[in-house]
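Quick one: the structure is below, and I'll ask about it shortly.
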Amino acid sequence: MTTTAKGRTWLLYLGVAAVVAYCLAPFYWMLVSSLRRSSDIFDTSLLPSSVSFENYRAVFQPSQGFGRALLNSLIVAGTTTAVALLLATFTAYAMARLEFRFKRLILTLIIATSMFPVVSIVVPLLKLFTNIGWINTYQAMIVPSMSFVLPLAVWNLTTFFKQMPDELEEAAMIDGCTRGQAFRKVIIPLAAPGIFTTAIISFIAAWNEFVIALSMTNKQQMQTATVAISKFTGATQFDIPFGSQMAAGVLVTVPLVIMVLIFQRRIVDGLTAGAAK
Amino acid sequence: MVDTKTPPDATADGPTGPAGSRAGKASASRKGSNRAWATAASGRTAGLLVSPTLLVLTVVVLYPTIMAFRESLYGVKGLDPKTGFISDTEPYVGLKNYADIFGDAGDRFWNAFWNTTFFTVTTVALETLIGVAMALIMHKAFKGRALIRAGILIPWAVPTAISGLLWRWIFNSDGIANALIGHQVLWTTEGFHAKAAVIIAEVWKTSPFIGLLVLAGLQVIPKEVYEAARLDGAGPLAQFWRITLPLVKPALLVAVLFRCLDALRMFDLPYILIGAQKNSVETLSMLAQNEASNVRFGPAAAYAVLLFFYVFLIALGFVRLLGADVVGDTGGPRTPQRTRRLRRTVANRAEVPA
Amino acid sequence: MNARTTRVLQCSAVLVAAGLVLTACGSSGGSSSSGQSKSPSFTGRGPITYAAAKDSSGVVQKVIDSWNTQHPKEKVTFVQLPADVNQQRQQMIQNAETKSDAYTVLSMDVVWTSEFAAHQWIDQLPAARFPLDKMLKPTVETAKYRGNLYAVPAASDGGVLYYRTDLLKKAGISAAPTTWAEMKADCAKVKQLPEAKGMSCYAGQFEKYEGLTVNFAEAVNSAGGVITDAGGKPDVDTPAAKKGLDFLVDSFKDGTIPKEAITYQEEEGRQAFQSGKLIFLRNWPYVYSLAQKSKVAGKFAVAPLPGLTGPGSSSLGGHNVALSSFAKNKATALDFMKFFTSETSASTFLKDASLAPPYESLYDDAALVKQYPYLPVLKKSILGAVPRPRVVQYGDASSAVQQEAYAALTGDKSSAQALKDLQSDLQKSAAQ
């Protein structure tokens, strides 16, 4: 009994180690590359021969406007996530709890429309936004980002709401809650892991968006982080600034990791937290 | 668009529901009078709740999609040999751009089509395996798991373009991958190794997506269910197959669905990692982009529309598969014993503190 | 819910209608602009923009700033585009397709001129306004379409041969090779040296991208062949072209070119040369100052590219500036283009960012030659350079070249078959 338990713990840690290694090794390579001097950027030694922050200094040169770009990314991804989650919660509630016609069709349409290749929608959208004067605005990046965030949010939330037992709401409604209150006070807390997970995934998807953000802006103060990175150049058109690209990659990833660290308790403890209320 | 799609809807609902209009009543009567929500009022509420989403999607997707469909009926602008200028208007060619995929020029399309399908099947299968494993590990309680959870998410958080560059240097002829395996493989040249490189990088990047969604699915399974199973004498494997998997199925299927659809549109990674116009890795999105960048907007739009229909078919299949778990408006026995028990357990538990 | 459906339907109907109106407006705008570009009138003064890849040296902003202080009412804003050339081109085409005036002056790769001119995305320019006679002739040719000027050279570029002076000297070779046969013979001698152990002879850019088009064109031109003839017609299925392609194919086969060079772009080749893996490297002048900071510093020099029977010919690189057809304030734009491409600006670009100038006189400037010892070689390279095929569908032509050359280099096709297929692909593309 104890030997199998020990073996299982062993197996668990082995599994943890394998998965973590697979996830982190390439990221470690990114980190190491970002800390190399530009003269030995092509080294394959596992540790940088001498740690240098020149790539990070290059990223934060005032002319790159990278700090502002990070802020823009935060605004665009944050607003996209908030709005998408709000709209998706309404829709997902209807999908999970109400009976109405065309539900299946609407769900299919929501998902299918979101899947049109971005390269094909960008030119019509650019025409539209040019005509209504939206070029170089946040909404020109936020609204198109909805196209891939919203369907994901709707589908995810629908699944999670659907998993919540109807009886809970019914009990709350018997206690005098309206349907809206019952939903807010009972279902939302219980579905918190799903909601926070959806928020994180939506945020990351919006944070990483590139083609639309590139096409809809032509002012440096409006560009997002991914667009700013695409504009990094070396001394000439052939010289690829690999080091600063990797440094910037680390810099755009770290805020997301911190966010996940903050919210991960929510992801994992959602059910217990909800039930304790 | 919604209106024109009504006939397909009728056929879509046909086999599963006895009749679209009767489905509501049927489920209501089955469930008892307290759940008689399928009224006109609930229809109106549903309309109110759903329309903002549909409105947003109409603006950002439906409109460009219709424009792209219109574009796909036009050919390439011709060059006037006398003036040397390209004409202003595109010739209307009807469905020629679509018919062309069955002609000589179709080879490239079909190659891209099979590449896209191959990448989707292999990457999503691997991601599902690894993602579920990640979720099970993240679900376990052990020291430092908060950091591990955040760590596992890192690949998904790295922007695709950056991860493409990172992997390109890893798979460089003098890169770390070759240094580690002690043998020089020219990953970015044509051949199966190029496909393998794309799959490795793609699976690395997107497994956490499935892992995270499945983890959230695991979190809403109450521990009581496992305790009950343990009392029944179920081992860990049996618990996984008979409790965990069925209960996370909806979350897993949604995750897999979105991964499939996203994989079908794969573009950045093979483009940056291996390069444009490599037959081994060219996907439909790359083909559409390539045509558009050579100012052949008609054929580019046609490829995009074809990809759209491909995606649409797969989405439809998933909706059917997921039907009861997500849509749940059709008849038929759909509440398995286990879920009933779960629901009751959760209900009891939540009611006690309230 | 019927009400809702109808509402959605109305919405989409309105949007579709709006879309149709937009396109209707768009096409009428197009026909009026075509009238403009046939008899361009450069009117209007005021703020304009300059769209180009970001430059890390900051010299472009410096030149723009000096214009802005002189012309406070006609300020130029630098719109920075992505570093990737394909993305730059795509952004410019998107803006042209939407007839946007966001970009006024465009910084274009030399090979885009024909395409942009034929689509009337850029205006024909008055040649008399620019000092073209002082510029290197091949660079001016890249700015023309059907004999008319559509752009002004801002920077040029040409391929040069980097070689390890230390090793050649040790092997008793005094001068850089001028032919491929000499280069191979020199390699054989150098490889006898103990310090040349494991080194490869030669590399260029052979990955399947624009660099392969450049290297293929150079090989063909250096053997006396052409890709397109003087009239722009494809003529690549010739014995001379075959000799050029065979040089590359055979070099891959006999190991003169290392097999990993099939994955080389500019940077991979530079890396291999800097880490001492190559004796000879074909690359652009940008490598010079970077390699001076590496472990081969002081051990290399540059020479013109070798050819079949004598010095070879380079492909021509560089950038031109053009005027977007859809822009406002074209009078200002024209003045700015003149300022931006002046000899003074070109000398600033060379000093601060080592951009090869289009002006002949700067290559003979003693102070500049001291700063950039490769200038005399580069001048020779540019003067003897052959432009890449100047066709409207350049993207297609270049893709076809890459497809066939890559197949020949990897041994999928014989060089004869590859050239035959390339000829027919190019003819098909030209017929479109």
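Here the chain labels run A, B and C in written order, and each chain numbers its own residues starting at 1.
The rule is simple: contacts are C-beta pairs under 8 Å (C-beta built on N, C-alpha and C of every residue); 3 or more make two chains touch, one makes a residue touch a chain.
Predicted model, so just to flag it, every value in this text is computed and none were measured.
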Relative to chain B, chain with the most remote C-alpha centre: C
Pair joined by more contacting C-beta pairs (A-B or B-C): A-B
Distance between chain centroids, defined by C-alpha means - chain A, chain C (Å): 38
Centre distance in Å when chain A and chain B are each reduced to the mean of their C-alpha atoms: 16
Interchain centroid distance [CA atoms averaged], chain B/chain C, Å: 39
Residues of chain A engaged with two or more neighbouring chains: 42, 100-102, 122-124, 128, 230, 242
Residue numbers of chain C (touch at least two other chains): 1, 5, 19, 97, 271
Residues of chain B touching at least two other chains: 1-2, 43, 46-48, 50, 54, 59, 62-63, 67, 174, 297
Chain A residues touching chain C - in the complex, by the definition given at the top: 39, 42, 63, 100-102, 122-124, 126-128, 130-131, 135, 214-215, 218-220, 227, 230-242
Chain A to chain B touching residues, read off their complex: 8, 12-13, 15-16, 19-20, 22-24, 26-27, 29-30, 33, 42, 44, 87-88, 90-91, 93-125, 128, 143-144, 146-147, 150-152, 154-156, 158-160, 162-168, 170-171, 186, 190-191, 193-194, 196-197, 200-201, 204, 207-208, 210, 225-226, 229-230, 242, 245-246, 248-249, 252-253, 256-257, 260-261, 264-265, 267-271, 274-277
Touching residues on chain C, where the partner in the complex is chain B: 1, 3-5, 7-9, 11-12, 15-16, 19, 27, 30-31, 34, 86, 89-90, 93, 97, 115, 117-120, 145-146, 207-209, 259-260, 262-263, 268, 271-272, 392-393, 395-396, 399, 402-403, 406, 410, 432
Complex interface listing, chain C residues touching chain A: 1, 5, 18-19, 22, 26, 49, 51, 53-58, 61, 79-85, 87, 91, 94, 97-98, 100, 102-103, 266-267, 271, 275, 284, 286, 289-290, 293-294, 353-355
Parts of chain B lying in touch with chain A, wherever the complex brings them together: 1-2, 5-6, 8-9, 12-13, 20-21, 23-24, 27-28, 34-35, 37-38, 42-43, 45-50, 52-54, 56-57, 59-65, 67-68, 130, 133-134, 137-138, 140, 142, 146-163, 165-167, 169-170, 174-176, 179, 204, 207-209, 212-213, 215-217, 219-220, 222, 236, 250-251, 254, 257-258, 261, 264-265, 267-268, 284-285, 288-289, 292, 297, 300-301, 304, 307-308, 311-312, 315-316, 319, 323, 325-330, 342-344, 346-347, 349-351, 353-354
